[in-house]
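You will see subunit A twice below: alongside subunit B first, and alongside subunit C after that.
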Partner chain A sequence: MPPAVLRSPKPKATRRQRNRTLWFWVFVGPFAVGLALFTYVPLGWSVVLSFFDAHNTVTPRDFAGLGNYRRILSDPEFRSSLTTFAVFSAIIVPATFALSLALALAVNRLRWAQAFFRSVFFLPTACSYVVAALVWKMSIFNGVRFGLANTVLGWFGAEPVAWLATTHPPWYWLVIGTVRLWLQTGFYMILFLAGLQRIPVRLYEAAALDGARPGWQTFRYITFPALRATSVAVALLLVINAFQAFDEFFNLLSDARGYPPYARPPLVYLYYTALGQGQDLGLGSAGAVVLALVIAVVTVVQARWSGLGRKEE
Partner chain B sequence: MPASRESRENPVHDALVRAGRALRLTLLIALAALFLVPFYLLLRNGLASESDITAPDWTFFPRALHWSNVRELFDDPNVPMAHALLNSTLIAVATTAGTLVLASLAGYGLARIPYRHANAVFYAILGTLMVPAAVTFVPSFVLVSSLGWVSTLRGLIVPTLFSAFACFVFRQYFLGFPRELEDAAQVDGLGYWRTYWRVVVPNSRPVFAAVGTIVFIGAWNAFLWPLVIGQDRDAWTVQVALSTLNNAQTVNLHELFVAAAVSIVPLLVVFLFLQRYIVAGVERSGIDD
Partner chain C sequence: MPITRRRLLAAGGGLALAGATAAACGSNTGRGGGGSGGGLSHWYHQYGEAGTEQAVRRYAAAYKKTRVSVQWRPGNYDQQTAAALLSGSGPDVFEVNGPTLDQILGGQVVDLTDLVKDVKDDFQQSVLAPKTHGGRIWGIPQTVDAQFLYYRKSLLDKAGVRPPRSLDELVDAARRLTDRRIKGLFLGNDGGAGVLGATPLYAAGLSPVTADGKVGFDDPAAARALAKIRRLYEDKSLLLGAPADWSDPSAFVQGLTAMQWSGLWALPQITKALGDDVGVLPFPADGPAGKPAVPVGAYAAAVSARSDRKEEAKEYVRWLWVEQTRYQEDFALSYGLHLPARISLARKADRLRRGPAAEASRYAAEHGHADPLLWTVASKVAYQDALSRIIKDGADPEGQLKAVVRTTEAELARVRKRS
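Let's look at the complex of A and B:
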């Protein structure tokens, strides 16, 4: 079509532009519309619904103003669910961070069988929380008669422990924490391994010339600072994922009789409030909005505090 | 400089280094064994007899293996295992295929088709990554139930097809795709559509494999959404079936364990064959860049 350019370049350019806009929407449109429909619309609907009384119905009927918010914020169960999250993330975030970093460092320095060890630690990522919770609840930490943990304790002459039912001391945290640790450590190890491989070798050579001893000194002054971007991302992902914990709590603690009053994280609370017996969708929506705000605040504070986006030197 | 030369010639230091290496390796082997124990227990209990699982004198190895447990599981009319496996397969395959098509098209459009508001659209998509999916489950349930999609495959599949994460990975990948190939295609007179399908897609198999594997594993293991939407027994996925049976405790333990073991077989196959793509995909996703 070069002749067209020669004759009239201007209309041609706008036609091309319109053509591009059309093609842009052919490519992006279906995805964007679906995302809007199934993310933005529910969010908006949820905000609207949170100001209404809505039991067993998804259509707002009686305006409740801030009533739902007042109710949920004064509900001791909702507040204890936020405490549960705080305890849970105080355990699981540092534990996963430390273990996945340690594994990445150890696996990275292996001269042989590196792929084997990487696969073994990564393999649990393919397992679901439902299956893992089953193994933990019915096999490893089984309460009284049988189970791996109590069998091992028995070798040392200790009495069997009712792991999930003991609140003083809170042994149930050990069960809940180890499931998630087993399932997610391998994934974060891969992230750290990717970060380690990007550190230029010349940094270590320069450090050796300056007399830094391999081991702790090299880690403290070279490796860890070079991993800063990865570390910040891992910490953020860990906290966000901890907020969304549902599967292992639900599958470890609930049974035919219901859910025990302790260790009820926010999502489990919302699940029972909005979709349980009461079907209080107005209150559930208010809870979802509060939870979204809490997550947003925590994420922003954490990102600020750790300096996300600041460039590495 | 003196320190490093000294350490190379110092036999005591050498011995320490070797001891450290041995200790590290021993720890790694012990941890690796620990990480494999849950898989072993799944298999052990799945193939053991009921009395072997619940015996007061629990042993690490079962007294006998019962391969008939697998047939018993599929013959039990109280456990809709075959149907749940079918549902999970349909959902995981449809979600993976749909996500790959939708997200790769959007990612390509965002990366390569010049449009004035492309950045605004990109940030609107990226913004949803900040909204944790789990926070929207109550409002999404509201939407899906008002569409009348509760307990349908539509309700289980369609809302999960629009993954901002997948779109983001594709966009980043296509930004780095060599332009020369596309220029050659356009010189040959191919438009965006045909350039995409004939040149870009065939040359991007690794990223499709990486995103596809991650999406498939996520869809197969998903629990909260299938629990909320798949309320009828006919709409149970494998995960919901396992969870319901586990909580009901009317089923035999060995059946529950063999069901759980069966449920992870498809994933282990996918995982072992495509692991390097997952690793590449994670490294490429740019979350730490």
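Let's look at the complex of A and C:
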């Protein structure tokens, strides 16, 4: 073939290629810049701050070495916040997982009004954590006799319960747990629904021909194993979300004077340390680095254990 | 229609132009460089009393030397200002529930000593002292807020209880006033850990930090007083979980509690609802060395060290919070009820001469105490955590206080090193 013929389509392809590059940067560029500016630069700066004595300044001069790390790791309040949240995760992750899976199975089996129920369960996801926390705190679980929960208790002759102020028994966990379940179950239900709808019907037909009974047996041997990839992703997201909990805790339990020492998540602790009037940005940054490492380790261990990314069998 | 690069750039340029126009019209922060000209930016936290916002905007508009734009900021104001002071985009002038010692030591606020040097003695010394460090004044008190124990006279009479004059009497009264429909006392939804703060220490004749900079509560009297607050919780005499917290008198006027700890600012609302069926008391004394305690505090006007108009800002602060006594009087007395920060204004205030307001004013003068500047945020948080554990969990007061003593000593050593 003559070289002219070979060369002729080349400029056209190059222009298209250039256009592709341009569109790539038009769409990705702003996000990349935003990500760099608002995530990676502060992240890097936070790591730098964690090695300095940075009271009331983000441009410190007094190098503190590992001093902030020593302080944060020996602080019983920080350690207690981590422990509390390990326990919280251990409860809320399986609870949300089970409830969202159960809802997905129930909605998936519906023959009528499926879209309606899907929307009903998903709608709370659109509600802000702040708004939901205030509704829970001020109308459902307030501690006076005319709060919704206390009114119901009153029908049975029970005394009003100060839900958020009682530590023995720790009723505040009921408030925190229910608001979180209400807010996030719908989202994970949708993920499970998507997973359920990807399971081929022929699998169930084959199982039925082999004598598998519908119900638990089918779920145990067909549905749940087929949902493995979705389940692993959901569990991973739930664990990360649990460790990042802030909004509902802050809005349910804090007041103008501060936050009680119980049910204090690591992020609330770090918020008060670094951004509250304390303004100990060095210590707060060291805490943020430690927390990020904890989340990373938990995520990697969980991913390894559950086989995330392993090829489907 | 295919999008060419030229068309895309034209659209982008149009958007940028529209954005710049919108910014020039709508984003007037009061700082230089904007389309509507420069000026001073003055931040206030959102007050609960109606009319306060309009009043401060009126004061700012009356200042003729430069334009002042007022920002009325809801939400966590202390956190907002603390964060804003780290950057150059914060206010020029701001009111602050402080400034804190770390803000002063960190060079975040401007020395205002020369603004008040001629009238220093006319300010309530209990609130001026925590604004003073190293002999310099770092904030000008705007108005004094004081907290008291409000009680319903009729409910106490019905229960045969006299207004409590000691902490033991308060515990007893709260228990006797409690029944199925009403609680004896409301100290806030956390049982008092937040709002009481160091007040029980003062009631026991102690203080968080002594005048010579040492821990002031390493004493058995402190543990004894705090154990009595726990007693209130154990007796189920405390109202907990009210829709509005201690700073709002709703629980008291709605009959959910017979006694409530709240601020003087709530008095107009309380008397409007309950008439003269209300009495006011300081926090009662505890033990032989104890004395009644009235916590007082003051938001102060401060100038940000990051401002590029510090001299103009100081001049404006002098005008508003030193010279314009009629505005200071209006600010303290016309919206809610506060004590004027200036002694001369407090003396001639008609609203403070009769009824519970007169009693409150006298109690504040006789028993008022403000948190010392050396009682740092970290010490306060450790103490509040300990108080919460004592009240709600029944933790041993002595053990808890020992841990707070250690934290406070470490904090005192840290700030001494920075000073």
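Please note the rule applied: the second predicted complex is superposed on the first by the 280 of 313 C-alpha atoms of A that agree within 3 Å, B and C clash if a C-alpha of one lies under 4 Å from a C-alpha of the other, contacts with A are read in each partner's own complex, and residues count from 1 in each chain.
Just so it is clear, a residue touches a chain if its C-beta (ideal position, glycine included) is under 8 Å from a C-beta of that chain, and two chains touch if they have at least 3 such contacts.
Since we're looking at a predicted model, the values are computed, not measured.
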Contacts of A:Phe224 with subunit B and subunit C, given as first, second, both or neither: neither
Per-residue contact with subunit A, leading partner among subunit C and subunit B: B
Which superposed partner A:Tyr129 touches (first subunit B, second subunit C, both, neither): first
Contacts of A:Gln279 with subunit B and subunit C, given as first, second, both or neither: second
Which superposed partner A:Val107 touches (first subunit B, second subunit C, both, neither): first
Which of subunit B and subunit C A:Trp305 touches, first, second, both or neither: neither
Touching partner for A:Ser46 - first (subunit B), second (subunit C), both, neither: first
First (subunit B), second (subunit C), both or neither touched by A:Phe27: first
First (subunit B), second (subunit C), both or neither touched by A:His55: second
Which superposed partner A:Leu164 touches (first subunit B, second subunit C, both, neither): second
Subunit A residues contacted in one complex by subunit B, in the other by subunit C: 26, 58, 138, 145, 147, 255-256, 275
Complex contacts: residues of subunit B adjacent to subunit A: 1-4, 7, 20, 24-25, 27-28, 31-32, 35-39, 41-42, 45, 53-56, 58, 60, 102-103, 105-106, 108-110, 113-116, 118, 121, 124-125, 128, 130-143, 145-146, 158-159, 161-162, 164, 167, 191-193, 196, 217, 220-221, 223-224, 227-228, 239, 242-243, 246-249, 253, 256-257, 260, 263-264, 267-268, 270-272, 275, 279, 282-283, 287-289
Complex contact set, residues of subunit A against subunit C: 22, 26, 55-58, 77, 138, 141-145, 147, 159-168, 255-258, 260-262, 272, 275-280
Interfacial residue positions of subunit C with respect to subunit A in the complex: 5, 8, 78-79, 82-83, 85-86, 98, 100, 102-103, 105-106, 108, 180-181, 188-191, 193-195, 197, 239-243, 245, 247, 251, 256, 377-378, 381, 384-385, 388-389, 392-393, 418
Subunit B contact footprint on subunit A (complex, rising order): 20-21, 23-28, 30-32, 34-35, 37-43, 45-46, 49, 58-59, 103, 106-107, 109-110, 117-140, 145-148, 150-151, 182, 186-187, 190-191, 194-195, 208-211, 213, 215, 229-230, 233-234, 237, 240, 243-244, 246-247, 250-251, 254-256, 267, 270-271, 274-275, 281, 284-285, 287-288, 291-292, 295-296, 299
